[in-house]
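The structure appears below as structure tokens.
For clarity, chains are labelled A, B, C and D in written order, and residue numbers in each chain start from 1.
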Amino acid sequence: MSVSNLLENWSEFRHLHPVDDVPHDPYKWAMSIDLDACSGCNACSVACYAENNLPVVGKEKYAHGQAMHWMRIERYWDEDGREFPDQGAQFLPMMCQQCEAAPCETVCPVGATNHTPDGINSQIYNRCIGSRYCSANCPFKVRYFNWYDYPTTDNVWPAEMNQQLNPDVTVRGKGVMEKCTFCIQRVTVAKNNAKNEGRIVHDGDVQTACQQACPTSAISFGNLVDKESKVYKQWKAQQVELDKDAQAKDKNEEGRSELRGYRIFEELRPYPSVMYLERVRESAV
Amino acid sequence: MMKDISEDIAWAKINKDVLKSLENPRKLYWVILFIAIAMVGVAVGCEVYQYNIGMGVANMDNPHMWGLYIATFIFWIGMSHSGTLLSAILHLMHADWRKPIYRFAEAMTTFSLMTAGLFVAVHLGRVWQIYYAIPYPNGRMVWPNFQSPLLWDAMAIFTYLSSSILFLYVGMIPDLAIVRDNMHSGWRKKLYSALALGWEGTDRQWRNFRVTYLTIACFLIPLAVSVHSIVASDFAMSQQPGWHITSFPPYFVAGALYSGCAAIITLFIILRYVFKFEEYMTLSILKKIVRLTFAIAMVWTYLNLIEYASVWYGHDQASKDVLIQKATGPYAPFWWMMNFCGSIVPLLMFFKRFQTNIPVMFAVSLLLNLGMWLERWMIVAPTFSHGYYPWTWDHDQWPSLIQWGIVFGSFGWFTLLFMVFCKVFPSVSMYEVKEMVYHRKQATKKLATAGKGAH
Amino acid sequence: MMNSGFDRRDFLKVLGWGGAAVALSGCGNGSVEDGKETVVSYVETNDYMIPSISVYFNSTCAQCDAGCSITGRLREGRVLKLEGNPDSTINRGKTCGLGQAGVQHHYNPDRVREPLLRTGSSGEAITWEKAYALIAEKTKGVSGEEIAFLSGGVSGHLKVLLGNYLDSFGCKNHFAYEAIAPAVLRAANKKSYGVEMPRFNIGKAKVVLSFGADFLGSWVSPVHFSQQYAQFRKGVDGQRGVLIQVESKMTLTGANADRWLVVRPGTEGILALGLINALGAHGVALSGDVAAAVKGYDKARVSKDTGVSAEQIDKIVALLKARTPSLVLAGSAAEGYAHGSQNAAAINLLNQVLGNVGKTVEVAEVVPFPQMAPTTGNTAALRKLNDGLAAGKYKVLFSYAANPVFTAPGAMKFKDNMAKAGFKVVFAHYLDETALQADLVLPLDSALEDWNTQVPEYLATCAQINIQQPLMEKLHANTRGMGDILLALLKQRRAEEYKGFEDYYAYLRGAMLKNKAALGGGKLDDDTFWNETLSKGIVKLEGRVGGLSGRASAAGLTLPAPAAVDAQYPLQLIPSVNASLRDGRHTNQPWLQESPDPLTTIVWDSWVEIHPRKAAELGIVEGDIVEVSGKNGSIKAQAYLFPGIHPDAVSIPLGRGHEAMGRYAKGYGVNPFQILDPVFDKETGELALHETRVKISKAGSRVIVVKDEGVVGGMQMGKKIAVRVSSDKVKLSEEV
Amino acid sequence: MHRFLRLSVLLMGLFAAASTFAVDAQTPALTTEDDLGPAIEQPIEFPHVRHAKDMQINCMYCHTYARRSAVAGIPPLQKCIGCHQYIESVKDKPRIKTLFEYWDAKKAIPWKKVHDLPDFVRFNHERHIKRFYFQQNRPVQEVCGYCHGDVKEMTVARRSKLLSMGWCVSCHQKEHPVSAEGGTPVGNQVPWYSMKKPPADASGKVIKAKGPNDCSVCHK
């Protein structure tokens, strides 16, 4: 707790830029989401409400943009002025991208949001003082602030409803920032079980709530260090590398690439841990 | 040429005039005080409500995380720069005309900083945990995050605040002694005796006093520049379009000096009337401040245009979009108003006949401050409503009455502190005015002698 | 994960302390607080009950009739979350949002907790003994014809008990009613394929041509189809499946289509015949009657009637020819007209012409216990019941798992007719609109507290019986399971026969053990078999396989020309079915209210979808309150400009607009059921949901639409966020 | 002027001294710090001293969940009765009578929580027991005692450690052995939780590592 210990442990306290950094070992949690499979059904979002004790804010607060959905499904239309969306819509599940060089982490005055050695951008609710700087600096705007005291004055979980609350996840009071944590409570349990058995977590030992619910299995979650994991294989096959701000796909001429993996706002260099696979549409019709 | 101050004011009269302000101001003083208290009451009520219910009552949302609180916070920080400018910078530059007015400018510095500090607290979602942000050895064994500009901010503000309180106080010691000597017995006498630290006016005391004062002044100048640069880095260090701009620190400092000077004009006019300081706060001095303000206004305008230009000609489309949105989107009226108030209104100051026209200058100074307040709002808000992620653009984010109430009340709070200060402490530096009168006399004498010699 | 060797009822006893002590305070200025809270401790416990370790039990989701198997996660005796059971062939471990919200059905604060007897305009809580006595009294001496039992779809042992109860009166008036059901399709399938519900193998198809079947959203078995869809997208033989959706209002499935074709409402059948015609012209052999039936449907006419361009028809025909097998689905959008049966028949005919029958349309296995097979609900039943009620035929009316006062078209005057019944018993979860009209309201257990067996209508790759079992102790002391209630009622009638069964659990166990061998447990002793069955939550069976009666006939296929524009009511009203809210029975689950509609992203309210072109004509902008009025009333709701709808149609989602039910449902939105025209399908008598004609006008005020999308709507503003790529630019077969 | 300079030098010196102190000041060794919690009245005054000291019963005989789950758990009433129904000698004692009253009424005893961490903290008994009791073979009462103090000397258990965050952290910052004999080797990986790899011995094997220092390990 002395100043010298602060200086000594500076690098421990702060995870650095992923380039030239210590490699992740044994875990780096990451995701890939296949937009071609995603049907936009919202099951993931509801599952997230169930798993993570998200408050239902009600119509009025929703109208004020105070919804607390950690996972939101965005629906995009074509922008070429056609009269009917005859190629359908594009759905995109958007949640915290768990950036490696997260813009939110550096600005939090108290370090309430910080990087774990597993590459998760963790949010320590009780440390949060509510400056909201993290959200201000988040390019994806996936951080949600408790504008009201949902458990108490707002009584979001009346009567028996509170029995549904997941005891592994803190119920956040007012003034706290929150966001998708990659279901860190599940990850923790899986890691503890693995440690008890003297191994590392295998692929499939842990599923996030959204992944588990997803009817089309569009979401994969796993350990990017583990070469056996599906996520690793997907990233590899799409030639998306965690610590690059431009991928093989971008280097190809427009439209020539056969890869569909991309990360959103890669050019801002947050190095997101979520890879999306482009939605495919048939050219023959 | 108008004189900054008449050279034939007797020293006893100076004492008497200034001390009078501690006793019987005009009625308007009490009216102002009452209004200020009422405004503070409104703000306290709003804050209590917000504290109990949650930040939602301010009608901020995701992603409009920051609202008027941060804008007003910057505004008050900016205000604080005028005191330092007048007392420290102009002190070092031997600008004599500052002497009758620097005291209240310094008080302004201190009180606007205190107001700004309150906004940090008002803004926080969990203000009761604010000590988490203070670096001290603690039982949790964790430090705050030294990488966060917000933490630098907190530190800079506290340093600046403590230094400016010290500066204000040290500069007041000789005057406090005068007040002490003019007090009859009673608790006030005791108070001033204690505060005067046994000032006798000996040569040694004067020598030490001058060195100390000068040292603090030197210390304060970089602090003042740094504090607003750091506030600017809250934005410039972020990654958001419209914020991530290299020229922000000087831009913020210029804006700060600008709004500070404008505020000095306002308060100058009020104090001059309320405490009957016409003889000390002369129109000649007003003219000088006005000219200074005008110069700064032009610097600010220049930096402002630089900012627009760098965004416009840069290749960051997102930043450009924010700029376009400022000029055409829902914030357009405020944005244009800010440009008008900040860059067009000060042009009035260019004209000599307005420079000493009190009603006009009063109105202009208020408009300038409105413009500067809008400027801060226009820095904070549009980026939220038009950030990188289009899905979240522009939810309903008009600040609620609670937010307005607290912002409104902060002006009352500042006025209250300031007015109480002016009633309790000499708001015109007596010893410096005496010096000024003395210098003036010497100069006139010299002039006269020189004139004689010429003949 | 699963524990097998335990007695389920012991397990429930263990949890004697109920769901006490839930820590709500999360983020206080917390420090160690000694001695303030009480520790959760047990009197007796089992080895598997370890505090802080989750226990998982299998059951069946009761949120809709698809029959997904679920696994409930329990902690300290409380069910926290429902996951899919990976062993189920229907949902394979997956769930939809509606299923996830099952826990909110269970923990809902607005549940009915006591039996309520109407006294004047208010209700009085009474005991169950009194309630049963009352039913016995009211049914005494009443003949079978004077009793009506209204229910939703039922299956399994509950259906058996229900049947037996009605039998005891000699009553044949069981009305199985579902407000939104593919009943027309069932009839058409029966004609075309010989079965009501064949297996649609989306996963095997290379092209799916869907006429308004929202199989990703709410059609038949959406979670199952979603998985098939994922497989279909990955492709067979490396060829990615192509989805073409034909409808007048975009559904979730339509939003996922490669080509979404907007057709004039009601002309789906014409397009199907037109496609057959065009296929014939492209060299596909058509049998004589088919050729005759489609003769008049040349491209020009079809294109004019439906609004689909001739070149688009050519493209589809080329695709259907090139990529086989394909699959054609007829959905609710095609069914919902007075000529719905004809539409469905025409669409089924297309399947036949394409040779899909037997390839992607396969016969489904059937559970070999016909008495347990599902009685599927439809709207014709409601019509019959309503007519009976209007005639004052019924002295006693029972209502279970249906809310006709809310879902019947207002023109039917169901509420008034219901009042004519002598004694109305409603088995209710909430005090919904129908329960409020009852004389006696009997509170039900939630699906997570109740025993049951269920046989899904749509069976995936094998026949299965789903077990529904309590996941936790009852929340409220005075609710009862439907099975227990029926058993108690049966004991009133046939005491001798049922005296051996202490409760429904005992009945269920006994019934299952009796058929142990048939259920695949021949070698096991009773307890082992029973415990294993409960542990799995599913009984997979060797199903009976019938054959598809191969030939859809083109005989009698006459499709009306599109109706001329009605000057007074120029627009077609399409009541849309939201995957979460369905017919409104789930509206009181707040997660579903706050889960944005996938297409409009609107929450907590109803809206009127209007095509931007039409809106411009009428001077309507988003958020305008518009009055939608038809021959049978009008409703007011906010307008939402939606490109995915035919300009001559407007759409309002079903499910909202409750006047009762609970805090999360009451007062949000409007109920389009109320203004539906009572038009019925000519062959089946089913309510034609899409046949209502309306006009709309601005009602003056304007609101801000509460939705998730921002002001720029679904635009990416030139940013690379959701990216789309053309299928010829990727190689899916090389992906992981 | 000289005086002023002298004063400045003096002040600077003081500041430097204070800073130096701050730089190297160690916070008190929190791990050993005792902090006696309030005495708590329990429904039955349970004598730990009789069970744990006189009878030498292993802590985990009753607190059986500790090695299997995150919480140590209070034994079910069943377990108390399991022994006490055969111990005739104490059956008449008032405490045992109360015990049987609960049993006969089939009511759980409303024990008060003694070590009650805030709700946002996730403490895992299982991991600590596995680490120190099973893998390092330390005596059970020592292992439990790290956090619970010398329970065998108490009647009603009372908190005797600080259980504050810094208290936990100070132990996690210690180097603990992770060698094969007494550590937690994970496959061929050594678990290290900070960005710095722990020091290895001459043979290249890591022998000591700190506890996890990741916020999210303990905060939920």
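Here is the rule we use: contacts are C-beta pairs under 8 Å (C-beta built on N, C-alpha and C of every residue); 3 or more make two chains touch, one makes a residue touch a chain.
It should be emphasised that the depicted structure is a prediction, and the values quoted were computed from it without experimental measurement.
Every chain gets a centre from its CA atoms, and the centre nearest the mean of all protein CA atoms is that of A.
A count of contacting C-beta pairs for A-D and for B-C identifies A-D as the more extensively joined pair. Using mean Cα coordinates as chain centres, the one most removed from chain C is B. For the pair chain A and chain D, the distance between mean C-alpha positions equals 33 Å.
Distance between chain B and chain C, defined via averaged C-alpha coordinates, is recorded as 65 Å. If each chain is reduced to the centroid of its CA atoms, chain B and chain D end up 53 Å from each other.
Multi-chain contact residues of chain D, defined as those touching 2 or more other chains: 22, 25, 27, 118-120, 164, 166.
Residues of chain A in contact with at least two other chains: 1-2, 63, 67, 72, 74, 111, 114, 125-128, 170-171, 175-176, 265. Looking at chain B, residues 126, 129, 137-138, 141-142, 388-389, 391-392, 395-396 sit in touch with two or more other chains. Contact residues on chain B toward chain A in their complex (touch as defined above): 52-56, 59-66, 123-127, 129-130, 132-133, 137-138, 141-145, 147-151, 154, 234, 237-240, 384, 387-389, 391-392, 395-397.
The touching residues of chain D, counted against chain A in their complex, run 19, 22-27, 118-120, 122, 124, 126-127, 130, 166, 184-187, 189, 191-197, 213-217, 219-220. By the touch criterion given at the top, residues 19, 22-28, 30, 52, 75-76, 78-84, 91, 93-101, 103-104, 107-109, 216-217, 222-223, 226-227, 229-230, 233-234, 240, 242, 244-245, 250, 252-262, 312, 315-316, 318-319, 475, 579-580, 590-596, 598-599, 601, 603-605, 613, 643-644, 668, 704, 706, 708-709, 713-716, 719-732, 734-736 of chain C touch chain A in their complex. Residues 1-2, 6, 13-14, 61, 63-67, 72, 74, 94, 103, 106-111, 114, 127-133, 135-141, 143-149, 153, 174-177, 265, 268 of chain A are the ones touching chain B in the complex. Within the complex formed with chain D, the chain C residues making contact are 16-17, 23, 25-28, 30-45, 50-53.
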